[in-house]
Amino acid sequence: MRLAIATLILCALAGAARAEQTLKVEALPNDNGKHLKVSWTETPAVGAITIVVRKREQANMALGQWTAPEKPAAGADVGEGWTIAYAGDSDTSFTDEVEPETAYIYEVVTATKAVGPDGKPTWELSPGVASDRGVAPEAALFNTDNWFYLAVIGFTGIAFFLYLGYARRNAKNIFIRRIPGVDAIEDAIGRSTEMGRPVLYVTGIEEIVDIQTIASLLILGPVAELTAEYDTEIKVANTYPMTMIVAEEIVRQGYANAGRLDAHKPENVMFLTSEQFAFAAAVNGMILRDRPAVNIYFGRFFAESLLLAETGFLTGAVQIAGTCEFTQLPFFIAACDYTLLGEELYAVGAYLSREPTLLTQLKVGDMLKLIIMILIVVGVVAATVDGFKLADVLMPGGE
Amino acid sequence: MTELYFIDVVGAWIGIFLTLCILSFLYKDNPFYKFAEHLFVGVSIGYLVSQQYYNVMRPKLVDELAAGFGGGAWTHWLALVPLVLFLAMVVKTVSRKFAWVGRYPLAFVVALFAGLQINAVAQAELGAQIKRAMKDIDTKQVDLQTASVARLTPLPGFTPAIAEKVVAARDAGAFVPTAEGVQALPSLTDAERGIVADNRGTVKGLDAQTGKGRYWFGIVSNILLLLGTLTSLLYFYFSLATRAWSARSRGSACGS
Amino acid sequence: MAAPEPKHWTEKLQSFDRRWIFLAMGFAIVLPLLFPINLPIKPSPMVQAGFYTVEALQPGDVVFVSVDLEPASTPELEPYFRSVMLQLKRKNVKLVIATTWYAAPPLVERWIREMIENPIAPEGTPGYTAPLDADGKPMYDRAYKKNEDYVWLGFREGKAAVISGLGSDLRGTFDNRAADGTPLDAIPIMNGKKQLKDFKLLVLISAGFPGIKEYVQQVQSRYNLRMVGATTAVSTTDLAPYYQAGQLLGLSGGLAAAAEYETMVGKPGLATQAADVLNVSHLVVILAIVFGNFIFFVGRRRKARR
Amino acid sequence: MKKQLPLLLGLIVGFFAVIEFYVPHYYVGTVKNHLIEWTLVLAAGAYVIGAINILQVNLPKVRRRAPDWEYKIVLIVGAVAMALIGIKWHTFGGEPNLAITSTITKGAVAGDVAVVEVSSDELDALVNVGPTMARPLQSGAGSFEVPPGKHSIKLYMKAAGYTEVTGEVELAAGDRVVVTGSPTMQWGPSGRVFVWMYDHVFAPCNATMFALLAFFVASAAFRAFRARNAEALLLLVAAIVILIGRAPMGRSIHPLLPEVSDWILDIPNNAGRRAIMMGAAIGAIATGLRVILGLERSHLGSD
C-alpha cells in the first residue's frame, strides 16, 4: 500500500518537475460518426504555436517523421500520411472532422519560430506526444439531448390513438368552445350564394413544405364541400405550383363528397406566381375585378397580408384570416372581420367537419398544453427556490 | 455615377412609369395599374422559371444524369427518382384515368415535410419557448465590483468598450462600484459618458440594475410575464367556454 | 318625396374617403425629403452592440455575409449594407458573400459592383472623416478585388435547408465553386473555411424568411456562431428576443436603426434623410388614429342624442 | 388499393423524417439530404405544370374576349419573353472565350518601361491593367505604359451582363505586348437583357407594391383603432405609445418613452407571443402526425 502511494507521489513530482504535455483523444457523445475531440494540457509560450497532426492507424509511419511547413494551416499534408489537424496558439482542445469508421493517431507538438540553416524561417519542433492507440469516431444511434421532443411527439401520437376510440363512439357530446371566425365561414358562403359572387380562398405565401400551408390545404377540403353544397364558385389562389396541384385534388375531392363533381371547374384553382408582391398584386386584381363576397386567408403570410386585407375591405367582402405568423396577426386583426390566432388555424377543420380524428387532435392538444403549463410552473419554482434548472434537464442542447 | 448607355436611361424612365402605374392603384383600379400588375406578374413568372431551371433543375437533375451517363458513381442515378416522381405528376395533370399515379409524389412530399416540420417546430418553437418561460424569476442586481465584461455588457448604458474600461479601472483599484462611479469614470469618452447618462434610472435604469441586492422591477416584470403566458395559454384552451363573453366583444373589436 | 334632411356634418364625416389619408401620407413622405428637418438620432443599445462587435474585427479577418432580401426591402436594408460594408472595408476585413433568396442575385451583384468593387468613401469624400487605426493613419476603404478581397458565392435554392447545409458543409452546399465558377480551393481567403464556424463573424442582412431566425434556429446554437444582423422593422420584435438571449451580438431593425448605424459609421446617407420621413409618417398614422376615434365618438354621440 | 400504397409510402417517409432528428448517425443525415434534394427537384419541375395551369386559366379568357383579356396577353407575353431571355443562349455555341490572347515583342520600346496595347471588338470596353483604375478604350484600342513585372489585365463593360476577359502578362523592361479579347454579351440569369428587365421592371414594381403598405397602414389604423370597448382602447393606447417610442424622434421627445415601449414589447407582448407560439407548435405537431399516420387523406384525392 505504502509503495503505491510512494509511486504516486513520485510521478506527481516528476510531472510537476517538467510540465509534461498530455494528449487525450475521445469520440464525442451524440456524434454523427465523423468527429473526434482532441485535448491537450500545455499552451505554447508567446510566439510559439501548437501543431496537432493526425494519421490513420494502419499507416505504419513512425512518430515524428514529418516537417512543419512555413505557414502551417489545418488540412495541409506534411510528410507521409500525416496531415495537420490544428495549428494555433490559444486553445487547448478542438473538434476534428475525420473519415467515419477509421481509427486515427494524433500527435501534439509545440513549434517555436527559428531561423533555418539557409536563413529561411522554419519551425523548431519540441518532442511530440502521441496518443498511444488509434481512436475511431462513434456514430450514436440516439441523440440523448433531444429526448424531450421525442417524448412530446410520442405522447401526442399515443394519446391520439387512445382518445380516438372514445371520440369515435361519442363525437356528439365532445365539447369544444365556439370560435367566431369558423362559424362565420358557413354564413359567409351562404351570403356569397345570395349575392352570386364567388368565394376567394388564398392558401398563403409559403410552399407546401410549411405546416401552415398543409393546414390551410386540409381546411380547403370542407370549405370546398360547403361551396359545392351552396352551389357557389370557389377560386383558390396559390403561390407555388406544387400547392396548386394538391389544392386542385382537394377541391375535386370536396365536390365529389358533396356529390357535385360536375360543378367542379379545375381552372378555378390557380397558380399565380411565387414572387411575394407579384402574388399580392395578382390577388388584389382578382379581389377588385371578380369582387368575391368572401375572402379567406388561411396559411403563412408575410408583409403582403395588409395589402390583401385592405383591398378586400375596399370591396366590402367578408374577410376571414388565420395564420400563426405572429408578425402579421395585428394587420389581419386590424383589417379583417374575423381573425384566427395561431393554433385556431389548425382547429378549423375540427369545427367544420366535427370529424372524430379532428376533435381528438384538439383534445390531445389541450392535454399536452396542460402538461406543459404544469412543467413551466414547476420549472420556475425550482429555478427560483433553489436554482435547479429543470429546463437544462429536459433540453440539454440548444440555447 | 458613370454615364449610362441610352438603353439604360430608357429603362430608368420605364421604371418610373411602372412605379407611378402601381401607385395609381391608391386612387382606384385603372388600366395603368392593370397593365403594370399583369406585366409584373408575367415577368416574375419568367424570372422564376429561368431561376428554378438554372439553380435547381440543371445542377440537381440534368448535370447529375449527365454525370451518370458519363460513367460517374452510381449515386448519380439517384436523380432518376425525382424524375420518375415528376413524370407521375405530369401524368396526373394530363389524364384523369391515370391520375392515381400522381398520388405518390404528393404523398411523398407532404409526408416528408410534415415529419421534418414536426421536429423543427417541436424544438425551435415549443422547446425554446418552454425553456425561456422556465427561467428563474428572481433577478439579482449586477455587482459592479465582481461582474465580468460579459455580465456587464447587456446592462443599460453599457457597450463592450465601456465594460472593458470599467473592468480595467476596477483592476487598477480606482473605481467606485456604483452607477454614479461608472458615469464619473475618467477613461470614458464623452460620447460614452452620454450613453451612460441616458440610461441612468432608479426604476429600470442602470442604478436599479446594479448593486448587491435584488432588481425588483425585473422580478415584478418576470412574474407578470409568467402570469401573462399562463393566462394566454388558458385563453386558447379548446375545452373551456370561458371566452364566450370576450368572443363577442373581440368579434366586434375588429369588425368595422 | 321631401328632399332628404341635409346630412349633419357628423354623418358626412362617417363616409370620410380614406384617399385623403393616402394624400396626407404622400405629403408626409415627400416633404421631409425636400425640406429635411434633421431631428437628432440617438443610437439604441441593440444597434450599438452590433456596431461595436463589427468594430472589434481585425484587418485580415474573414466574415461571412448573408444578403437575404429583395428589391422591396432595399430602403430599409441598403443603408445598413452600405454602412457595414464601409466599416468592414476600411478595416480591410475579407468578405464571403452569399444569399438564400432567389430574387436577390441581380440586386446583390449590382451592390457588389457599386459598393465593393468601388470604394464607398475614398479619401476626400466631403463630410466624412475616416477613423484612425492603431498607429494614427486614417483608414479609408478601397476597391476590393474579386476572389482576393471578397468572394461572391451566389444563390442556392432550398431555403432553410440551405442554411443548415452551410452550417455543416459550406463548400458542398456551393458545389466547391464561387458564383463565377472559380473553384473555392483556388481562392486564398477560402482556405480553412469548410463550415460557418470557421468565420470570425456572420453579418446577416435579412428581410424575412429564410433569414436571421432560421440562422439562429438551425446553426447558431449547434455551432456556437458569433452573429450580428439587420432586418426590416416588422421583424424586429420577432428577432429582439434572440438579441436578449445573447444569440445575436447585435441587431439593427428597420430604417430608424439603419440611420443610427449610419451616424455611428460616420457617413450619413439615405437612411438619415429618410429618418425624417419616418418621424413625419408616424405622426400621420397617429393623427389618422386620433381622427378615426374623433369621427367614431362624434357619430356615436349623435346617434345617442337622436 | 389505389389509396393504400401512397399512404404506406407517406407513412414510411414521414416516419423516417420524424426519426431522422433523433439519430445523429451520418448515414441518416445523407439520406435526409437526398430526400430534400428530390423535393427541390420536384418543386422546380412543378413549374412546368404551373406554366400549363397559367395558360389553361388565361388563354380561354383571351379567346372568349372576357373582360380584361388584353392584359392577360401582356401577362403571357411578359412571362414567355422573360423565360426566353433567361436562357443562356450565348453558351449554346460553346462557352465564350474568357481569356485574353497576348503576343509579346521583346525590346520594342526604349527605356525601362513596358507598353501594353489593347485592341477589342467591343468598342467602348473598359480595361484594367494591374492596379490602375479602369480606362475606356477609344474605339476599341488603347495603349498604356506600365512598369515591368507581372500584371493582371481585365477587359470588361461598364454595364452588367457582359463576360469579363481576364489574363496575366509577365513583362520585362522594353517589352511591347499586344493584348486582344472582347467581352461578349451574356444571356441567361446574369445576362444583359435579363438584368435590364430585373432593374427596370421587376425591381420598381416589387418595391412599389411594398410601398403601398405605408398608405394602407395609415388607412387601416384610421379605421380599426377605434376605442369601441375596453379591449380596443387598450390596443389603441399600446399602439400609440409604441409608435412614438420606436420612432427615431421617440427618444428625444421623452427619454422614458422608448423605455415604456420596450417594456410593453418585452412583457405583455412577449407573454401573448409565447402562448401563441406554443399553442401553434402543439397544433402543428398534431396536424403533422395526422398527415403522417394517414388519418388525413384529402390531399391524395378522390377514388
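As written, the chain order gives the labels A, B, C and D, with residue 1 at the start of each chain.
Convention: contacts are C-beta pairs under 8 Å (C-beta built on N, C-alpha and C of every residue); 3 or more make two chains touch, one makes a residue touch a chain.
Please read all numbers here as calculations on a predicted model, not as lab measurements.
A.B. asks: Computing the C-alpha centre of each chain, which chain sits at the greatest distance from chain B?
C.D. replies: Measuring from the centre of chain B, the most distant chain centre belongs to D.
A.B. asks: Could you quickly compare A-B and B-C and let me know which has more C-beta contacts?
C.D. replies: A-B
A.B. asks: What is the distance in Å between the mean C-alpha positions of chain B and chain C?
C.D. replies: Those two chain centres are 13 Å apart.
A.B. asks: Express in whole angstrom the distance between the two chain centres, defined as the mean CA positions of chain A and chain D.
C.D. replies: Using C-alpha averages as centres, the distance is 23 Å.
A.B. asks: Which positions in chain A touch two or more other chains at once?
C.D. replies: In chain A, 146, 149, 152-153, 207, 209, 211, 214, 242, 245-246, 249, 275, 277-278, 281, 289, 303, 313, 326, 333-334, 341-343, 347, 365, 369, 372, 398-399 touch at least two other chains.
A.B. asks: Counting only residues that touch at least 2 other chains, which ones in chain C make the list?
C.D. replies: 22, 42, 70, 72, 103, 157, 237, 241, 244-245
A.B. asks: Give the residues of chain B touching no fewer than two other chains, as numbers and ranges.
C.D. replies: 22, 25-26, 34, 36-38, 40-41, 44-45, 47-48, 51-52, 56, 89, 93, 102, 106, 109-110, 113-114, 116-119, 121-123, 126, 128, 130, 132-133, 198, 229, 233, 236, 250, 254, 256
A.B. asks: Tell me the shape of the graph of touching chains, choosing from line, ring, star, complete and other.
C.D. replies: Per interface graph, the chains form a complete graph.
A.B. asks: State the interface residues of chain C toward chain A in the complex, per the touch definition above.
C.D. replies: Touch residues, chain C against chain A: 70, 72, 103, 159, 191-192, 194, 208-209, 216, 220-222, 232, 234-235, 237-238, 245, 247.
A.B. asks: List the residues on chain A that touch chain B in their complex, please.
C.D. replies: 146, 148-149, 152-153, 175-180, 208-211, 214, 242, 245-246, 249, 272-275, 277-278, 281-282, 284-285, 288-289, 313, 333-334, 336-339, 341-344, 347, 362-363, 365-366, 369, 372-373, 375-377, 379-380, 383-384, 387, 389-391, 394-395, 398-399
A.B. asks: Give the list of chain B residues in touch with chain D in this complex.
C.D. replies: My answer: residues 2, 4-5, 7-8, 11-12, 14-16, 18-19, 22-23, 25-26, 34-54, 56-57, 60-61, 78-79, 81-83, 85-86, 89-90, 93, 99-100, 102-119, 121-123, 125-126, 129-130, 132-133, 198, 201, 204, 221, 224-225, 227-229, 231-233, 235-236, 246, 249-250, 252-254, 256.
A.B. asks: Hey, which residues of chain B end up touching chain C in the complex?
C.D. replies: For this pair, the touching residues of chain B are 26-27, 47-48, 51-52, 55-56, 59, 120, 123-124, 128, 132, 153-154, 156, 159-161, 195, 198-199.
A.B. asks: Over in the complex, which chain C residues touch chain B? Could you list them?
C.D. replies: Residue list for chain C touching chain B: 19, 22, 42, 45, 48-49, 52-53, 56, 102-103, 155-157, 160, 175, 217, 241, 244-246.
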